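You will see chain A twice below: alongside chain B first, and alongside chain C after that.
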Partner chain A sequence: MPSQDILVIGGGPAGLEAARSIADLGYRAILVEKRDRLGGTPDEAGYAALTPDLRNAEEAMNEMIARVQNNPNVELHLGATVVDAKGQAPDFTVTIKNAKESKQVNVGAVIICTGFQHFDPGRETQKYGYYEFPDVITLVDCEKMLKAHRVVRPSTGEPPERVCFIQCVGSRDRRIGNEYCSKVCCGIASKEAIEIKQQLPNAKVFIFYIDMRMYGYWENEIYWPAQEKYKVNYVKGIATEILQRDGKLLVRGEDTTMRRPFEIPMDLVVLSVGMEPSAGTREMAKIFGLKQNKYKFIETIGGALDTVSTTVPGVFAAGACTGPADLEDSISAAGLAAVKAISTVRQAETVKA
Partner chain B sequence: MSSAVESQVLNAFPLDLSQDRYAEVPYEEKARLFEEVKTDIRYHDVLYGCYECGICVAACPSARFYDFSPRVIAQACAREDVELVYTLMNDSIWDCSQCFSCDRCPRGNSPGGLITILREVAVRNGLQSARDALEGYGRIIYKIMSTGTQVSPDMLQPDAFPDWGTHVHEIAENLEVWRRALPPETLHTTDIGWDVDEKTMIELYLIWHMTGVMDMIKEVDEGLFMILQDVMEERLEDAGYDDVTFD
Partner chain C sequence: MPVDKRQIQELEKAVVDGIELTGDWNRMFAQRPIFDYDTAIMDKITSLEGGESLGWCYQCAQCVGVCPVDIVGGDYGPRKIYRNVQAGVDLFTDPDLWKCTTCMNCLRVCPKNVDMIQIMPAVREEAVMDGQVPEELQQVFENTFEYGNPLGESPRKRAEWTKKASVPVPLMKDKKQADVLWFVECYPSYHPRGIDASVALARVLNLLGVDFAILGPEEKCSCDSQRLAGEKGLFEEFAEQNIRTFKKYRFNQILVTDPHALNALKKEYPKYGGKYQVVHYTTFLAPLLDKLEFKNTLSYKVTFHDPCYLGRHNGEFEAPRQILTALPGVELVEMGRCRQNSFCCGGGGGGMWLDGFMADHVAERLSERRVREAVGTGADVLAVCCPYEVSRFEDAVKSTGNEGKLIVKDIIELVVEALGD
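Presenting the complex of A and B:
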């Protein structure tokens, strides 16, 4: 029978914000998270600081978690996944399974916030030697080192003197199939470059890019300080391959604006990996029968005017499960999805009355 | 031939950015010069960071005639590329006409102002490029610094500026007469452009003395320095400044 409860799938930033918004508006959210703890990718990947304000990521996520954890309007299911869904808005019957048991819940609307996964740089671009050279790492690996305040060359345990970021790894690439821009990597690489310079002031830091996409305030909040205050070297030109020579990594590319090819020795290379739909996102699309785009992100149907409605009425999607999204995008979309989900169950109630 | 508007590529020959030419100069020396540039009090007002957008080159008149790029200069400094900055200091910076059209930079840079600093460091340190670039200007510098005015009529000599045309010879021969034909009496001179007040002249000498301009001249052109020294010290002494020396 029709329900006014709303199911939120995924306990990352978008899911936490959706559940919190539903609860704040006096409705009940059932939040399902497959891990044993909330916080999503920022927690799981061990982010040090958020982009663009460099706020402590753990502290920020804990703040979001605290709003839902002991909230009487939020029913939490940790270590649990959605394995089946039947019915239609406002009367879905959804099966939630944890290690011990399966349970059926009746909900009026669903918000999917299952997010993304980082591109695996060994999958297609093995020219960068991610699995071959220990000193070739990703943005995510770098976050962990920054969080531990221990930025080192994994091969030696020594702090690097020269570090470079290679942008657009797994993004904007027709050969790989990810033709889209992952949107956040320019900002995150610049943010990490600043943090590296804060922790290792004598290190030389380079960012090799195709275009710097520092939209809105990211321009003056991250890009300019990185370049002007921290003297991060932005070089327009993408490395074609990485070789190992004399215990260093040799990065080959073209300095396009200076019109000359380069071969620069580096101690540490950070690959700015982009976003792909997470396994959970693919799975939920299948279970709820949602249309996915060619990259397997969940397709939203309203274009620029409705960023959260899917092809199935009453099922909404928010955050990076719909495509590359930064934290601001995810949180904003989650609030919108909460409003739309509530209006779905309220309309049903009004019609019935 | 297509009727479409053809774009004209200006300066098809790229700047020579290779650093091999100065391989024999120790890195430490190049780093020292760049440090001198960076510690100039104006440096942070003329260079923030570079987008590499090229608006400065687009606005630059010199870039249309020389293999010259204010962008490359700003970029090299912003990247703190010590080798490249040295290369540019030995060549490119002298192609700028210091018109400051490049001040339209969206980042607030002034490549022209940056070049001013680079040139001053080159001159102060007696770089060969500075000597070469200023060689042709010895007469002009002499005129300005000794008389307080710029080009004077007696510099109109066929051998000095051949590009002024064939009629220069004829004019130069009867310069006195031509000048007297000009209505304002102040222009009836041949050795100065116009009269400069004695007090002004003395002040100029003192400024050049106190701000180190004479030291810069000495660094790049010893001969010119000695001539100016004679003129200035004598006139300063007459004005009562017998303690001012340029050594």
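Presenting the complex of A and C:
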């Protein structure tokens, strides 16, 4: 007899929300997370504050975690991965493996929430010298420093006087192969710029950009305050070269609206790295036989009207495993995936009756 | 020696923040401009009261499209000012500080409320205090201070023009009270073409039986344009004097000939304790038109220039048109740029006294561009209702070679012409 349980793979924001929604609607979720703790990338990467509202990330994630931990309708598998899947909707047999043992579970539907990984700027060859210059860091490195309330130049341990962000690193790039916009980096860079100014009010902060993509309320909630209240300087034109000279970074590029080159000294350069599918996302696509798009994100088949159904009936995907997504996208998609997964197992029951 | 940061600097030896950018550095690249995006000037401007919003610009560039100074080749507009300042240009000493006529067309289209009407006076005030003012403007400040008017005319002769009026123009000093206190202002008191309009208005007021009086020598310049050009101190002193004078008399409303005076009395004087019902003469006359008997048919094709400080700044677009269309025989044709998008004559915000300075920065005067536009409508008459405009446009008619094709008239002159003898 097919199970009415629903497997949720991934314990980040989308997975936590999917499991909670399933439990709230009276069904049982089996939540598998490869790390030995929940919270996903915001926890693993040590985010300081969420975008756009600058809410404390740890506190927000703990709230989400508390809703599924000790929830009688959620069966947790930490430090575990899905290694095999057989069958079809509504009768999947999935093998879950942890350090000690393998276990098979029967589920009626599956929701994949395995997320993204940050673009590795080392792939930008010599453009920005991420692995060469200690004071060239990423948004993720900057989050960690913000969380520790210690924004410094890694080379000296001293607070920077001049900081710049370089947008679109690893995104919107045909040569790298990531032609898409990673959607969140403009907001996150602006948010981090605000936090840097909060922690170091005398620092000069610059953001070099192609277009500022601050859609919806991000415009007035992050972009405008960053510029108007925190006096972050936005300069249209991406720096293309960083050189080190006498302990400073020389950032070179074109100031497009002035139609002239710039060459400016910086103490700290933050690369706004975008999103790529995580290893887990690629692995799950393989195990469940899901079609991936050319960037290896899991393809959803309903266009704008169904953002969670995959090419395999009964298997849904939510959050950044389907493409660049912010928290709002991920949480919304997770709720939708839970509803569709429940609808799959309920239909099976109706047919049986 | 100060470096002009607008010009590309070819540097033999460049040192930025103690780092020398020579030798190996130049092996790969031609010498090129070095900028360090010094934010000190932007920080200084945005910390001034009124200067805050310069920092809000997000470079959409809508302002530049409608900036009259840019249209005549001035390479200007708030977007450009923001970027220049962000890149380190010292606006306090830069010629850009004096190009703005505060016409407000940029603010009309700005999605972020970058308000040049606040920014310009705030920055200019600092420049004025530092003595960084174009010579010709400084002269006007001194005239105003000394004589109470920018033309440097004798304050005792402020009511001399009334001798040319064939009707009584009573003084408040004599009447003590009147329904309407007519604040004549400087150009309508002293400039020959301004006097023509004052004489005409005096006649119409008499015809309508309006109970009015003027202040005469007691009246001081409203100083609105001097304020916008950075002389806030002068403005405040004269505002206080005028308010003291107003207090001596009883009246129900203040009638103004000059939209700049309208702006000062309506929007600024309340900050100094002077709250009045203030009305421009076109607004005053429009509802009284049916009390006038027009004997002459004018047979003119007329185009109307909306003054920045009557239209955009104070919202009156209809009254002048109501008057013009009520005149027998007048055919009103609109210029492409009219009403909200009216084109500045160049006289506002101190521009009235910066023609020599502006000549070095633009390809043609704003008034010349406007006259060409007026001629393009096929109009015989360019009608105006701001005392700066008659002389500016008459000069421009001559300098653009349009003499004989277009005449410039104040609306009130046309009214009197239609009334006949």
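Criterion: the second predicted complex is superposed on the first by the 351 of 353 C-alpha atoms of A that agree within 3 Å, B and C clash if a C-alpha of one lies under 4 Å from a C-alpha of the other, contacts with A are read in each partner's own complex, and residues count from 1 in each chain.
Everything below uses one rule, namely that a residue touches a chain if its C-beta (ideal position, glycine included) is under 8 Å from a C-beta of that chain, and two chains touch if they have at least 3 such contacts.
Only a predicted model underlies this, so the values are computations on that prediction, with no experimental measurement involved.
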Clash-or-fit label for the pair chain B, chain C on chain A: clash
Which of chain B and chain C A:T257 touches, first, second, both or neither: both
Partner chain in contact with A:R245 - chain B first, chain C second, else both or neither: second
A:E228 touches, of chain B and chain C: first, second, both or neither? both
Partner chain(s) touched by A:E158 [first = chain B, second = chain C, both, neither]: neither
Contacts of A:K236 with chain B and chain C, given as first, second, both or neither: both
More chain A residues in contact - chain B or chain C: C
Chain B and chain C footprints on chain A, overlapping residues: 224, 227-228, 231, 233-236, 257-258, 260
Chain B residues touching chain A - in the complex, by the definition given at the top: 14, 17, 48-50, 52, 71-72, 75, 78-80, 84, 107
Chain A to chain B touching residues, read off their complex: 224, 227-228, 231, 233-236, 257-260
Footprint of chain A on chain C - complex, ascending: 8, 16-21, 25, 32-37, 39, 42-43, 46, 55-56, 58-59, 79, 83, 86-87, 112
Residue numbers on chain A that touch chain C, as the complex places them: 204, 206, 212, 223-224, 227-228, 231, 233-236, 243, 245-246, 248, 250, 255, 257-258, 260-265
